[in-house]
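What follows is a pair of complexes built around chain A, which joins chain B in one and chain C in the other.
Entry: the complex of A and B
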């Protein structure tokens, strides 16, 4: 889901940098108000977790690869605004040091994976787990559903961003300038592989860690997070 | 003495780092290619028969110091050495990520707790 340099035209890249600027600014303000110094190590663990889980490429035999993002888990534990900052840091380091995701696409990649994914996942988790006990199975299921749906929607959004490129940018002879695949190819490809495989990875990882924390550190699952 | 939960989670991260080459080896074993939409220019040539002009120009805009979690010129190395580079990459990337979060956290978090 890391869009590389060259797949999105300047208009799309610019649009998402502009869209992310107030989100990053707002996230900083919210986190400044709510994050206690004691929570900083947990934020670092969240960012580290997201970073490393994205390195676990899962193959579709003979096809493509993909991975979980871990962002829904971070959002459940620290709130979506803190998760936005943690995942942004991981994505920026991946782009700058490892060329995983383009530097021109940092805005778009952060919008998909550091904004839409944690926020959607967080509110789905909240809705399903509403009123449930900290140690209830409903929380585990809520975490799994949230992970699955959020990763799929982020993937669909990525497919949409790929797919509009041929509409936006073409040479006089009709060749694509950036991503050559339109919505009819990009959307089903991105949605299909995430719905079939990678979404389940995010769901299982999120649910398992919540299950583990119910036993080991239920205080982390109490309300009143960032 | 009971171990702090953050300590346990740090250990979990360390285990994931050591296991990370699984994310490199499994796609190789199952002959899976790049992620959708993350092809290099050569793969793009094979897929659509040309390299989109804008893509060709922009794709080389940034030279990452450790491209694709492997050292420069290591493309043809055996999987074992690539796995080593993958772990070094994970340690480096996560180290920088943690450092950045601690700096941001120091700037943003409330001192009184």
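Entry: the complex of A and C
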């Protein structure tokens, strides 16, 4: 789901940088106000955690592996605003130091994976698990559903961003300048693979991690997120 | 039930990631043209080249920029085999595959330049499809190559500091620097855990058992990370942290850096103007 440089045109890249700017500013303000000085390293630790989550190979039926994005998990653990900053930092490190995801597409990647994914996932999790005890099964189910739904929506958004490129950028002779496939191809391709494979990986990983934390360290699932 | 070698894959992934970073650091500390430039100016000019590639509407511009990128890699003592492997795998090759269907009239209608019959079905490659695919792949490989070249010829800490030039708030830059250190610590933890799993239960596990192992690893990593927070804060206090992040500004620029900046801006402006006039 990391969009590389060259897939999105300048208008789309610019739009998402502009859209993310107030979100980043607001997130920094909220986090600065809410986090105590003692918790400052937690942001960096959360960012490193969201970076390495993507490096875990999760076994799937058929002998192959996939990997989770972990956006909803980080949001459940840190709160959505802190998750927004942590995932942004992880995406910047990936793009700048390891060439994974484009520099010009950082705005779009952050909108999909550091804003839509954690916020949607977090509020779905909160809605389903509302009023439940920290160790209840409802929280495990809520985490799985939130992971699945939020990842699929983020993937659909990515497909939409790819799909509008031929509409926005085309030469007079009909040659595509950026991602060559329209909405009729890009949307089903992105939704299909995530609905069938990666969404389930995300759901299983998010649910199982919450289940383990319920047993091992329930205090980490208590309220007080940013 | 088919067995899954996810333990081996995770180990290979973590080890190759660490190995690549060591290689990158070796290149960043070697003597060469790009290594001698001020990271701030180098980063600015490389972003400018990437933006020029994104704005280009002709594959010729992307190929000129790509040639410049390869020449810079040579001047900086980067081993070409390592550089091409690092840049073409995975994104440009993946882009090449996804560009192939766009060659055909079913996705890109236009002037036919090649027609083939396969099992009674007519496949037409169009001029618009071919030029679109060439532009797409050349733009992707050019952008990826510049970013990788920047990353392997600059010390990673200096590169993160450079973000201040682009107006990134200090709290983000400080978090980035700290995050970068933890990534290596966490990768080492993961590597050791998977080695322990490999030595105790082997690499061949069913996928359900495997998923539980991965989830257990993630949750225990989070637990360890969370408790690490307090120790890190105490270490920061002992080094004089007062609640406000401060970054040392030890980057310097000289005449060579300014000459490179002028050259890069001129190249980008010339290419974009030439493209605007339809010369390339």
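One rule holds for everything that comes next: the second predicted complex is superposed on the first by the 204 of 226 C-alpha atoms of A that agree within 3 Å, B and C clash if a C-alpha of one lies under 4 Å from a C-alpha of the other, contacts with A are read in each partner's own complex, and residues count from 1 in each chain.
Heads up, the rule we're going with is that a contact is a pair of C-beta atoms (placed from the backbone, for glycine too) under 8 Å apart; a residue touches a chain by one contact, two chains touch by 3 or more.
Only a predicted model underlies this, so the values are computations on that prediction, with no experimental measurement involved.
Peer 1: Touch test for A:58: chain B only (first), chain C only (second), both, or neither?
Peer 2: In the superposition, A:58 contacts both chain B and chain C.
Peer 1: Return first, second, both or neither, reflecting whether A:93 touches chain B, chain C, both chains, or no partner chain.
Peer 2: both
Peer 1: Would you sort A:126 into first (chain B), second (chain C), both or neither based on which partner it touches?
Peer 2: Touch status of A:126: no partner.
Peer 1: Considering only touches as defined above, state whether A:174 meets chain B (first), chain C (second), both or neither.
Peer 2: A:174 contacts chain C only, not chain B.
Peer 1: Does chain B (first) or chain C (second) touch A:45, or do both, or does neither?
Peer 2: So A:45 meets both chain B and chain C here.
Peer 1: Touch test for A:220: chain B only (first), chain C only (second), both, or neither?
Peer 2: The answer is both, since A:220 touches chain B and chain C.
Peer 1: Going by the contact rule set out at the top, does A:204 touch chain B (first), chain C (second), both, or neither?
Peer 2: So A:204 only meets chain C here.
Peer 1: Would you check which partner chain A:186 touches, where first means chain B only, second means chain C only, and both and neither mean what they say?
Peer 2: first
Peer 1: Which chain A residues come up in both lists, the one for chain B and the one for chain C?
Peer 2: Overlap of chain B and chain C footprints on chain A: residues 4-7, 9, 28, 32, 37-45, 47-49, 51-53, 55-65, 85, 89-90, 92-93, 95-99, 102-104, 171, 175-181, 213, 216-217, 220.
Peer 1: Report the residues of chain A in contact with chain B in the complex, numbered from low to high.
Peer 2: Its residues touching chain B are 1-7, 9, 28, 31-33, 35-45, 47-49, 51-53, 55-67, 85-86, 89-90, 92-100, 102-104, 158, 162, 169, 171, 175-181, 186, 189-190, 193, 213, 216-217, 220.
Peer 1: Any idea which chain A residues touch chain C in the complex?
Peer 2: 4-7, 9-10, 13, 24, 28, 32, 37-49, 51-53, 55-65, 70, 73, 77, 85, 88-90, 92-93, 95-99, 102-104, 171, 173-181, 185, 204-205, 208-209, 211-213, 216-217, 220
Peer 1: For the complex, give me every residue of chain C touching chain A.
Peer 2: Listed in rising order, the residues are 2-6, 9-10, 13-14, 17, 47, 50-51, 53-55, 57, 86-87, 91, 95, 98-99, 102, 107-111, 127-129, 131-133, 135-136, 139-140, 142-144, 147-148, 150-151, 156, 159-160, 163, 169, 171-172, 174-183, 185-187, 190, 205-207, 210-212, 214-223, 225-226, 228-230, 232-233, 236, 243.
Peer 1: Over in the complex, which chain B residues touch chain A? Could you list them?
Peer 2: Touching chain A: residues 5-6, 8-10, 12-13, 16-17, 19-20, 22-24, 26-27, 29-38, 44, 47-48, 50, 52-69, 86, 89-90, 92-94, 96-98, 100-102, 104-106, 108-111, 113 of chain B.
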